[in-house]
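Below you'll find the structures, each written out as structure tokens.
The following pair of complexes shares a single chain, chain A, combined with chain B in the former and chain C in the latter.
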Partner chain A sequence: MRKTSKYLALFRMSAFRTLTNYKTLCGLSVFLITSLIIFSQLWKTIASKVEMVNFDPTQLFWYIALNEWVLVSIPSIQDEMEQDLRSGRLAYLLPRPVSYLGSVFAEAAGTLVVNFVVLGTVTCLFAGWQAGFLSISFKCGSLIILLGLMGGFLAILFQMLIGLSAFWLSEVTPFYWIWEKLLFMFGGLMLPLAVYPQWMQSIAHCTPFPAILGDRSFLIADCSDSHIFFLLASVLCWGFLSLVLLNFFYRKGLNILNIEGC
Partner chain B sequence: MFKTLMFFIQLLRTSIKASISTRGAFLIESTLMIVNNLIFFSIWWIFFSRYPDVANWHFNDMVILISVGSGSYGLMQICFGGIRNLSKMIQDGALDPFMTQPKNLLLHVAGSKSFAKGWGQLMTSFIMIILSKISSPVDICLILLGIVSGCLVFTSINIIAHSLPFWMGTFDGVSKKICEALFLFALYPTNIYSGWLQVIMFTLIPAGIISYLPVELIRHFSWSQLLILITSASAFLVLAIGIFYFGLKKYESGNRFRCRI
Partner chain C sequence: MNQVIKIENLTKKFNLREVFPGILGAAKGLFFAKQHEITVINQLSFDIRAGERVAFIGPNGAGKSTTIKMLTGILYPTSGAIKVLGLTPWTNRHILGYQIGTVFGQKTQLWYHLPPTDTFLLLSKIYELDFSIYSDRLRNLIDLFEISELLNKPVFQLSLGERMRCEIVASLLHNPKILFLDEPTIGLDINAKLMIRELLNRLSKDFGTTLFLTSHDTADIEQVCDRVIVLDKGSIIADHPLKELKKTYGNKKIITMATEIKSLTLNLPGTRVLETAPHYFRCEADLEITSINQIIQTTLQLTNLNDLTIEDLSMDAVIRLIYRKKSNA
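For the complex of A and B:
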């Protein structure tokens, strides 16, 4: 119990810090709306070429909005980890009676939750004003929020993995960019997944990206039990795998630190 | 002016040497950047192989666009990489060591860091030039001009975005997001946008100036477009410098003792 309370305190502090930094939240909101307008225009052009099954203009706008909402809410935790590892700050953080990875996750989760609530409100108001409100069931709406949050947590875990690569590389940005491009590509943000050949769509569904973005947003068109089950299973499996990988690479990295120093 | 230029060249030499000093990391970062760009390229390749025409643009135009876009970004990361740390420096009050030296402040900050991944971007640009099958010296000169002007626009927007902490406080996360988004938007054909959004793409988010204008110059050369390209790149730079020095009046020192060697 005491162990959890330490991380809850970190979570609360981070959430409070994000909330008080309202100027950043305003900046993120403006950024979200701008990206939303640009991507909706892009999708309109492409959707006219691709037969977008089951998507009317309102649903299309909401699909992009729900994708952007999660994407912009995720904090850039890998940059802070890179700084910790490269500056040698990690050496000062290690003796604390909290796990380094646990504290990073708790702080990132605090930021994510506040971003998620604030940007969610902005997204709903803007998408509702631009395209009209969606007529979806309460169950479906709740699942979109819950799975969006879970997708955000999953993305944080993977970004922490990218952050850990600073043990071996001087810069983690190239890895992050590859992750981001794959997220855009297989998550169905840049272009609809329907544009890609069947084999690429199959590959996409074997990655965590659709669960973070596209598949979850697709709940507005398909809220069947099988789709929900597939999404939940996907998020949980990838979450477990990322935790195993995080633990493995962190231990490997600490070995380097113990042998070579900061 | 000449002394400042010489100082910048020497500074750049030192920064580039530092960035490539760890050979392994340099090679990995550059290769990863090429992989990253090739992922993006493959998306458009798949798209154009199914739909060969997007608003009168063909695959070859897209290849040139990626060449100019990634080349400009890479050149900025190599020559003016220090700008990326500007917002953090302003937040932490860490500009003091730069301000105490009798050199141009902005140029000093910009040239203080060079990123190895920029070479990966430049390599991508080179690969794209080969893939585009452009052989005319005039077209290659236009691409190089596009890369230089795009680099100036990227640098300008980076200066503006990373100067925002002068007024907004802790803002480096948003500044980085703005700059990365500009690079992403610059790799889309700007002619897919219409109406006021197209105006935005040439003013507030100048993605159109970075990549669309150079491609249009190669497609249908006109002196007026060339003039627009050079003028707008210079205007953005002047605006960015103005904003930085205007914001600098609000700078608060971190009162930390640091030395810069």
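For the complex of A and C:
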């Protein structure tokens, strides 16, 4: 119990810090609204020219909004990890009786949850005002929130993997750019995955990106049990795999500290 | 007294990657990696008893910080054995973490954006302290380190001296049996240094905490420690109680004279001129070769003296002497 309470304390501290840093939250909200306006205009034009998936204009706006909501809520944890690793601060944190990866995740989760709640409110109000409110079931609405959070946690785990690459690379930003662009493309942010050719959809579903963004937002159109099951299984499998990879690369990285010095 | 640290034949080697110079070198580096092995710690052995205050000193690159990192479980050795409080640090790092404290002068362990009071509370959770025990302990430490006015300022607004006092409090909250301090007074002004040294002394006296300190400032050693281990190129070149160290090298004195004649030349065996100026002469005398009496009598034959001071070697000079002796050997 006490072991969990230390991570909860880190989570609370980070959530409180994010909440008190209201200027950043205001900035993120403005960015989110700007992105929604731009993407919705873009998609309206595209939708009139190509036959889009069975989305009506309201669903289309909400699909974009739900994607952007999760995307903007995810903290840039990889930069902080890069700093810890490159400055050698990691070595000085190790003697504490707390897992480094656990503490990084707890702090990032605290930020994510506050961002998610605040930006979720902004998203719902703005999307409701612009496109009207969706008529979805309570179950579907709850799942959109729950799976959005889970998608955010999954993205944090993968971004932690990018952060760990600082053990080997002098800069992790190029790696992050690649991750971000793939997330846009295969996550269904730029276009719903159903618009893609079949072979691209198959590739996308072999990656964690749809589970983080598009597949979960697609719940507004398809809230069937099979889609929910597929989505849940996808998040959990990718979550498990990322945890295994994190542990593996973290151990390898600590080995480098021992061989090359810190 | 119990041994709290035991090190036997400790060796640590690092593989350093060499970078080829220039653009072509960078391209070459993609395909060919050049590495060489360096020995940072070489067959180190010593032990420390509970309550001792040990200075672990040496020039840059001597292996002080690497040794501390191995003692705290951050690094593991290439060979040899370490026991800290009966535990092997790198295999029991988290268990050991509850019993030791670390202060690194060059790195902050506090959350930069939080006020110290929040950091302390967070650390109490990390170290799994009961709230009542934590409150009592914090109250004592706040009084001892006089930080009540700093508690609610964010860490980035604290001066270096204030931050260091908070760092030490943070590392003592869980009542560690051993406190490792890696250059705790680096960059501090003279008042802050004095305060930190006084606090470390009180800490050792009041709580019996074992102190293991590295520093380039010999005043830290003289004012805090009772034993000195001198390291050079990864090996111990001296390990003495502080008093004994001074006694061992106490056969040297610094003699400063204000002379009536403008320039004094003293050619006596066992004396080494340190500084000369008009009407001023300062030398180091090895009393095993020349007595003070002999030096003064010889000087008086050459000139009258307006002033005369005879001092023991400073700790700085003692350390320099140890290094010189080692390099001559």
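Here is the rule we use: the second predicted complex is superposed on the first by the 260 of 262 C-alpha atoms of A that agree within 3 Å, B and C clash if a C-alpha of one lies under 4 Å from a C-alpha of the other, contacts with A are read in each partner's own complex, and residues count from 1 in each chain.
Note that a contact is a pair of C-beta atoms (placed from the backbone, for glycine too) under 8 Å apart; a residue touches a chain by one contact, two chains touch by 3 or more.
Here the structure is a predicted model, which means the values were calculated and not measured.
Contacts of A:F249 after superposition: neither chain B nor chain C is touched. The partner that reaches more residues of chain A, of the two candidates chain B and chain C, is B. By the touch criterion stated above, A:T34 is placed in contact with chain B alone, chain C being left untouched.
Once the two complexes are overlaid on the shared chain, A:F230 sits clear of chain B and of chain C alike.
By the touch criterion defined above, A:S5 lies against chain C but remains apart from chain B after alignment on the C-alpha atoms of chain A. When the shared chain is aligned, chain C comes close enough to touch A:L94, but chain B does not. Looking at the shared chain after the overlay, A:L182 reaches chain B, while chain C stays out of its contact range. In the superposition on chain A, no chain A position is in contact with chain B in one complex as well as with chain C in the other. Of all residues in chain A, only 21, 23-24, 27-28, 31, 34-35, 37-38, 41-42, 45-46, 49-50, 72, 75-76, 79, 169-171, 173-175, 177-178, 181-182, 185, 190-191, 195-197, 200 touch chain B in the complex they form. Chain A makes touch with chain C in their complex at residues 2-3, 5-6, 8-10, 13, 17, 87-89, 91-98, 257-262. Listing the residues of chain B that touch chain A in their complex gives 22, 25, 28-29, 32-33, 35-36, 39-40, 43, 46-47, 50-51, 54-55, 115-117, 120, 164, 168-171, 173-174, 176-178, 181, 185, 188, 192-194, 197, 201, 205. Across the complex, chain A is touched by residues 14-17, 40, 66, 69, 72-76, 93-98, 100, 102, 104, 107, 109, 111, 113-114, 118, 121-122, 125-128 of chain C.
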